[in-house]
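Before I ask anything, here is the structure I am working with.
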């Protein structure tokens, strides 16, 4: 049985993840001096790019952003006020909070991607790949649109690697017949903590 | 009842839109000094990219360029003569004519995208998003392939914004039970005129 | 009847093609100084990008890399040792061997793309387009991810052009009722030889 509180926790994490990714789109858009509509498009592509690619590959419909129109509309409204919003967030939210939100996004999108792919009868290695793709692809589109080498590819700090290991942890928990909600929470928490630890201990991958 | 003359008008506008987008691909390809095949690929991606993305998202088949092979073949032949063609067009067609053709393309692809998405049971906000995507995505691929920040994102002149407003106008007309062909023509004309007005009155979006 | 030896030949060529494309991803990743996971993602995108796009456009499932997980795992393991591997290959394999492998990949992916598209009832011109796309798209993604104008677009040496002509040769052989395996081998060999001939005779396309 799934506890209602856990479901609520998942919904909140999901919203956090989407807005964290959208805000990272706003920030990138500002450094490129994009206008309001460009900002909206980059933010939407960042927030929903990974999940949409996953659904296209798995032939799942409807897309998340079709079912939950509210997120689209909220990001649209936020785009109109993005400059003001960024000023506010840079005052209210420290760099660290954004980092945490982004890490939650990475964790949640990766784990849900793995879980959904496995439900669609994909073998485990493929499911993990789909999860990592779903987690990182939004940021890849954002950077390609803004004409940069994707951060995930050039950052020497483990990013996709955290997602990769976390997805395998999820696979392990699922194999051990853990309740899905607990597995999702534990694996997401692992990715979050692993990502934060790379900053704390200044971990860098070899080139 | 749809008047045969209106259908003819739509077919002509469609052909105009495809060729206008293809020619913008040729121009971009020339500034990057691409060869004939590269030019063909960029032109095809520009002309059909938006519609193909729309159809992948909506799971519609066959693609437009599969059903109307003639356009592909025509663009292929044009690619072989692109340098000559561009010299001819730069003599025969002024910058302004190209701008008008591109604006017709933007209008027609956006409105038809909105209409098709709504027919596929998408809610209105999503349909408008799909329409704007279908209208602008060809240009985005063109610019990504040629390694530039997409024009639509960096141009401070309203582009996606014109499409966005025009799509909502179409939604309004449809809601008021206008004949579809009239709605399409009116909304496309609106986008065309709005886009041209931004040049006439030098409208710029705030950064 | 298909000769078992020919089937074996095809399987070997396929493996060669995938690894050749993956290695070209490794090389590009090294010049961009990507880490191990970035290298893996670029290599996988290069090796399977073309076939995946083809399958998305044709609505074919499962994807090649889903059915043949082994390739994914092999590329993953190779990514961990990519720097060492590249040093080894640069000693064992000359530039020329890589070029041949890449040309085999181009040939095989293009011809199998054309064949698969035609089996899915696409008309011939469209099938050839799909084939060329499947052959070159992996390299396009690789270059877009690494923030370069795709090689195939800026290289003045015929690349897509070789694939294009070879695909039409395949169409001709198929039309003449040749056995499929022979047609595939002959057309692939044609693309391979045509590509190598462009280097031998220093052929360049006009700009």
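Per-chain residue numbering starts at 1, and chain names A, B and C are given in the order in which the chains are listed.
Here, contacts are C-beta pairs under 8 Å (C-beta built on N, C-alpha and C of every residue); 3 or more make two chains touch, one makes a residue touch a chain.
In this text the structure is predicted, and so the values were computed from the model without any measurement.
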Touch-based graph of the chains, sorted into line, ring, star, complete or other: complete
Equivalent interface positions on chain A and chain B, same or different at half: different
Gap in Å, rounded to a whole number, between the CA centres of chain B and chain A: 31
Of all residues in chain C, the ones touching two or more other chains: 56, 59, 144, 147
Touch list for chain B against partner chain A, complex: 56-57, 59, 122-123, 125-126, 129, 136, 140, 144, 147-150, 152-156, 158-161, 164, 205-207
Residue ranges of chain A touching chain B (in the complex, touch as defined): 29, 32-38, 41-42, 44, 52, 56, 59, 61, 63, 65-66, 69, 72-73, 83, 144-147
